[in-house]
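Below you'll find a set of structures to go through.
Both of the next two complexes hold chain A, though its partner changes from chain B to chain C.
Our next item is the complex of A and B:
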């Protein structure tokens, strides 16, 4: 097999798995079987190819459309993980909602293939293909609870706004191509460093700006976040987890790759990147936290929480522009997204469990007093909340610690202080959830304990244990992210 | 015993795990087990006190200023985080205080806590681990972890078992302290990235290494500002004290005892262990401001106490005043002042802890703390009145009781403070004024509650013939004994902190001398420091190598 084929193996494997799932969906009656098959094929085909390639140190083919370096493989591994978890959680969730879900798994796998494409694209075309494969699958997935208005609304809203942002992205790409005469990241970088820019610098900057707007939309950074709360609220909860974790991680992966392969070519451009991301990141953290404080609906709250987390990631992405910090910041961002995966999928999983079959709008009211009626679930949820808030001994704390550590190292004390103050504001709404769990208001009946199958509980336990274990002994993850970079 | 500090720190956590497996309705068993455990924990602390001299001699032989030292062993190697525990005289006293008050706090809640008892004792145990960890950590990261994690159990203790406004108080407590400590984290990180220069290019959070970092004066000022916010909120210094009355008033009795007795000391301890020795130049530059805030705290806390209608709130505000004393003593930067400050930390734990326990005793009977509903209580509960009197006198600093020792040392220390450090030493007079006010609000409280005729019929009904029970005797007697012991013979306690205080003074001395020279003052005769222990570079440094000089030289 040629290196070129090797390099596309994870994407191809997931694409194949998706096709298989769609074909099987025609004959399968039971969603459960489909789900189990989906998980197995993801783990075997996707996970297997990632492991095989990782053991070979990745495959990098010069001038190919995708790069399968270790950085991409790291992200591919995260996507396989999150997809499998989401599928496992969807099984019970959709059965509880009595909704049809045989085809769901095909779309989840297809979305995963798109994420992988986004994370390993080295060309504007493949970048766009990856992004759209992921987004189109998300549009379908968001509307999978067809009987529920919210879900349909979420799907439509996401589609309309998503299409709009894709248009920005495409326009940006057009400008980039026009001014640098190349679609390849390497080609654009060469044009930048040699100064061979036919249409002139302003057009190039405009192109980058529009391109980044498309990315900001996917990362749901303020002010491109308006879709997120509605979509996250309306979409089926496990799918929300996929969008919040997988989608954002993929967008961050795309941003990292485009920065490392293009923006490093010109210091002026890197500086602009730095200022843009720092500003957007800080605004996102502050405004996002303040809006989140007013939320009563758990999924909207988690949506704003994921917006704020995107803000922290954006600070890390911005700091990539500082050459002396690059290696450390990259490791910090990778650590952060992995941490974000563990704790956030966990949080959404609990939200899915607590959701009742008939009731779709879940406010904090349905969490009231779970500390007494469902102590184990409540304890796990608290761990996820404290981790999202960044309290020590959880992986969320270390994630923030790495990013802010890098900022302080670079001498950006003010940014670091502001970001951390934002984190304190954010803590307030996570505490609000803990308050609902353990301190029910006087005279309020505690909510009944939700039912959860042992598989879901086992997965939750795994994620809770991961949150704590990696929070105390992060060596496993730090070793993994150390020295990763584009090949 | 090796690893004694780790054992002490994590044993309560282990006990909490054991309590998890108790059946929920076996409240009696849980109470006995937890209180018994706290007692055992206290007994385990005693070797620290009785074996102190030999432990310190052993540490001195190993060129370390920390007794019972563990590590530093790598914990998160990629970050230079080490597991490093150890104590000096001051932290030993605070560990002792923590475990002493732990027993009393657990015991005092037996009847006060009537709902969700199992969880209550679990959180109390976890809190103990957090507090001990704070006092024993010698790695700034480890310290920060304990410092933050400890908020969680306290948050639950206030939020579940607190008074009517508990939620507000719990969240305010959590966010206030968190806000201070995240900025402190930035300061810690600034120091961390400078440790590489003195540690073969490897950054580390190990305190021994951090002590060798000499930050340039401008940056020091900012880092001190960050530390100041973290620690001053915890102390709490005026004007960061507003979380304290809420938290104190809403917390259950045991929570208040721990909060006043131990948690507030973490702030003063933070100044003592980190801010002062790590940032001597900045300390001096901040000093006029800090001293002013401390003295405002003394006067303001006392004045606000005077007008309180609620007993517990009065005691809470008195903490602001007492802690102001503490800070004033520390910022005097003289041996007497710092020793007095540490003494005051311990005394405040005993007197204010005692006052909260006493208020809790009558609250259990009357279910109100409003002062005007009392009056003439001395007739109904004579024994209680006696205990209250003793603790009141200890709190206002009557000679012969513990409070006096701390306050007189602080005044002495402040009097001998170098004139170069403060715009006007006449500020010290206000400290003495604060002492007067302190006597005024406490005695007036005593008068209103205990003297006069019984006017409230409920008081007669609930309190007559219900004087102190055996359990209440049990946890008040040790406090009174300690109050007398420290008041009459404080030498053993003061001696324990000799070396530790000498170290802090030696860190400050060069900066003070520089300030004096700049103002053309001749340094006042300083009592010679017989032995100054400065931590060696690493445990592995050969003893032949001379201990590193303080960077400010």
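Our next item is the complex of A and C:
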């Protein structure tokens, strides 16, 4: 097999799995069977190809449309993981909602293929193709609970605003293409470094800026976040986890690759990148936390939480522009997204378990006193909350610690201090949930224990253990992300 | 080497026990309490067995022929230390230190087994296990059985982390962890306000100390470039660090120690901490947690030895606390309060020991104290249990016939703490007093006057100790019978699950001192000192001295000036004399009911009231710190309510207003979002282009 084919193997494998799932949907009756098949095909085809390629150190073909370096493979691995977890959680969730359609799993896998495309694209066209493959699947997935008004509304809202932001992104791409006469990342970089910009700098800067707006939207950074709380709240909970974790990680992956391979070529663009990400990141952390404080609904609170986390990721992405910090910051961001995956999927999984069939979100009231009625679930949820808040001995603490550590090392004390203050505000609303779990308000009866299947509990245990294990022994993950870069 | 690589399991096993009981215990609370105690006891017992295996390995190691590294265990033969490098934790990287050198901020999960941590390991696991056993009986009728054992196991896990931690940060996890457990257990009967308040008091007082500790760690990291304790000690004695840094970091660490180990001026929480269940008082507030400050100083001995100023402070604070707390103990009427002040006073002795540079002697007293004080506390618990919860000794008397087992073991504890020869307390207390007397030319460079003052104050505290302990014994078990009819009805000897641990500890309180017989008696070197000697870091670096000189220097002042055997016999005679004097005095006044104490209290009503009210320290603190602080908090809370909450409310309210506005345009919802995004784009564009 030629290297060119090898390089597209993970994406192709996931695409193939998606096609298989859609074909099988014609004959399969049971959503459960489809789910198990979906998980198996993702793990075997997707996970297998990632492992095989990783063991060979990745495959990079010059001038190909995608790059399959170890950085891309790291992200591919995360996507396989999150997709499998989400599918496994869907088994119980959609059964409970009586909307277990067999097509669900095909779309999840297709979205995963899109994420992989976004993470490994080295060309504006493949970048856009990956982004839209992912987004279109998300639009469908968000509306999967057809009987629930909120789900359909979330789907439509996401679609319209997504299209709106894609317009910015496409216009940005067009200007970038016009300025450099190339769609290939390498080609644009060459044009930038040689100064061969036909349309002049203003158009280049405008293109760069509009392109970033598209990214900000996908990362749900404030003020481009408006869709996120509504969509995350209305969408089926496992799908919310997929969007919040997979979608954002993919957008971050795309941002990392295009920055490292294109925008480092121009000092002016790198500086703008730094300032834009830092400013938007800090605004996101502060405003997001302040709004989150007032939330009473868990999914909405988690939506704001994911917005704030995107803010921390943005600080890391911005710091990539500092050449002396680049290696350390990249490792920190990769650690952060992996940490974010474990704890956030876990948190959404608990939200899915507690959610009653007729509701699409629950208030804190449904969680109050779970510490006595469902102690194990409550203990796990506390672990996820503490980790999201960034309490030591959890993986969330280390994620923040590495990002701030890099910022401090680079001498960006003000950014680091502001970020830390934001993190302190954020602690409040996570602890509010923990307090509700263990100390129900006076005169309140503890909420009844929700039902959870043993598979869900096993997955939750796995993620809780991962959150703690990686928080105590981060060596496994730090070794993995050390020295990763674009090939 | 096998046991050393399993060192991490020693804290993890009780942690697992805490997890199981904490999560599933509520199911067994009602009718399967033996499952709860089974989980708690077996995890602690396994941890103890593993600890003993490790200590035996340490004992049997031939340091001349150990490899430098086996797997992830490194060996430091000069200091008889095994270090288990379990995994990295905070690998941050290199930085520029305050002295312009290269610092390494790479914190790992480092567990160290050396003679010093072995002593603590033995005390914590052995006494801890006995107290677990005792608790099965003591807590049998209490609500929250699973909660109690989950906390107790969590405490063991944290305490063992503190003990085994090879760098300050791992130790700090344990340090904060035991503080949390102490808070939870003091406030165990949280429905009683006094208990909840006592828990808060302990937690807040400890925060002050912990702030000192944390500041000390930052200073050490910045100037020493590492938090590894062995490295910090080695760098400190290497002489490259400016003296003020050493003094400042040592004193900051000591501030942390005064909080945790209840020394002046932060001792106030410990007497109140007696609100917790009595086995907790025995384990946490007598035998283990409160001694961790002493352990911290002994662990950082290289640092402290290099700073005469810090040692002067440590010895002075310890000595003064010993006398001060003992004087309060003279007149208290609550059986546990007397023991609490006694603990504060004995901890003062330990600090006196480490403060005069006699680290081995200080740790020796820590070790013997763990036995007799745990014994006394458990004994007091047995009395309280038998008396259906009564704690006031004025309502007891003549109990020796009713609860003979408890009486006999309590008597042994009293003799041991009073310092009667051949009981453990004598050896350690005498060692400390002797080292204090001869400390004039020790590492603290105290001079003849200060060392004599330390000795005399220490001896007076010993007199008081003997007096108040026997006063307690007589008033409780002899004197006149003042037990109420109600209590008499229920009065019974305790079940075996409680008396057996008492007897084991009593035997320990008699014999545990024999590992440290003074050289004066045996003619050969003190076994205890020889065991701990490799853990000491001496000025000028460890390996650089000739073996003989090194050995001599290790035994403290003796190396520099030879003190006559006559002087040592004299000092020993004096400490025996004060102990006997104290006991005789208590016998005359309290064995039978006499008028003397109350007449004296009337005659000297002023001083008596001052002592009875504990020098009014709580009241002074309340006026000087707490009231101003509360006023400040009120103001801050006002600011919070108006400004912060106001802001939050405005944000929330504006959201609602926005929400209401948007509700008008049912389909305009998304258009609004689009508009905001467009606005965002324009604003960013305006600022950047």
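What we mean here is this: the second predicted complex is superposed on the first by the 485 of 487 C-alpha atoms of A that agree within 3 Å, B and C clash if a C-alpha of one lies under 4 Å from a C-alpha of the other, contacts with A are read in each partner's own complex, and residues count from 1 in each chain.
Criterion: a residue touches a chain if its C-beta (ideal position, glycine included) is under 8 Å from a C-beta of that chain, and two chains touch if they have at least 3 such contacts.
Remember, predicted model here, so these are calculated numbers, not experimental data.
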Legend entry - Overlay on chain A: chain C relative to chain B, clash or fit: clash
Inset, instruction - Quick one: classify A:376 as touching chain B (first), chain C (second), both or neither. - result: second
Inset, instruction - Scan A:363 for contacts with chain B and chain C and give back first, second, both or neither. - result: neither
Inset, instruction - Answer with first, second, both or neither: which of chain B and chain C does A:475 touch in the superposed model? - result: both
Inset, instruction - Would you check which partner chain A:461 touches, where first means chain B only, second means chain C only, and both and neither mean what they say? - result: neither
Inset, instruction - Answer with first, second, both or neither: which of chain B and chain C does A:391 touch in the superposed model? - result: first
Inset, instruction - Pick one for A:405: touches chain B only (first), chain C only (second), both, or neither. - result: both
Inset, instruction - Determine, under the contact definition given at the top, whether A:423 touches first (chain B), second (chain C), both, or neither. - result: first
Legend entry - In the superposition, chain B vs chain C on chain A residues touched: C
Inset, instruction - Kindly classify A:438 by the partners it touches after superposition: chain B alone (first), chain C alone (second), both, or neither? - result: first
Inset, instruction - Would you sort A:157 into first (chain B), second (chain C), both or neither based on which partner it touches? - result: second
Legend entry - Residues of chain A that lie at the interface with chain B and also at the interface with chain C: 372, 392-393, 401, 405, 409, 473-475, 478
Legend entry - Residues of chain A touching chain C in the complex: 156-157, 160-161, 164-165, 168, 202, 205-206, 209-210, 213, 217, 223-224, 226-227, 272, 275-276, 279-280, 290-291, 293-294, 328, 372, 375-376, 379, 392-393, 398, 401, 405, 409, 472-475, 478
Legend entry - Interface residues, chain C side, partner chain A - complex: 22-24, 26, 86-93, 95, 109, 173, 647-648, 651-652, 655, 669-670, 672-674, 676-677, 679-681, 683-685, 687-689
Inset, instruction - Please name which positions on chain A make contact with chain B in the complex. - result: 372, 386, 391-393, 397, 401, 404-405, 408-409, 413, 416-417, 420-421, 423-424, 427-428, 431, 435, 438-439, 473-475, 478-479, 482
Legend entry - Touch list for chain B against partner chain A, complex: 76-79, 116, 144-145, 148-149, 151-152, 155-156, 159-160, 166-167, 170-171, 174-175, 178-179, 182-183, 185-186, 189-190, 192-193, 222, 226
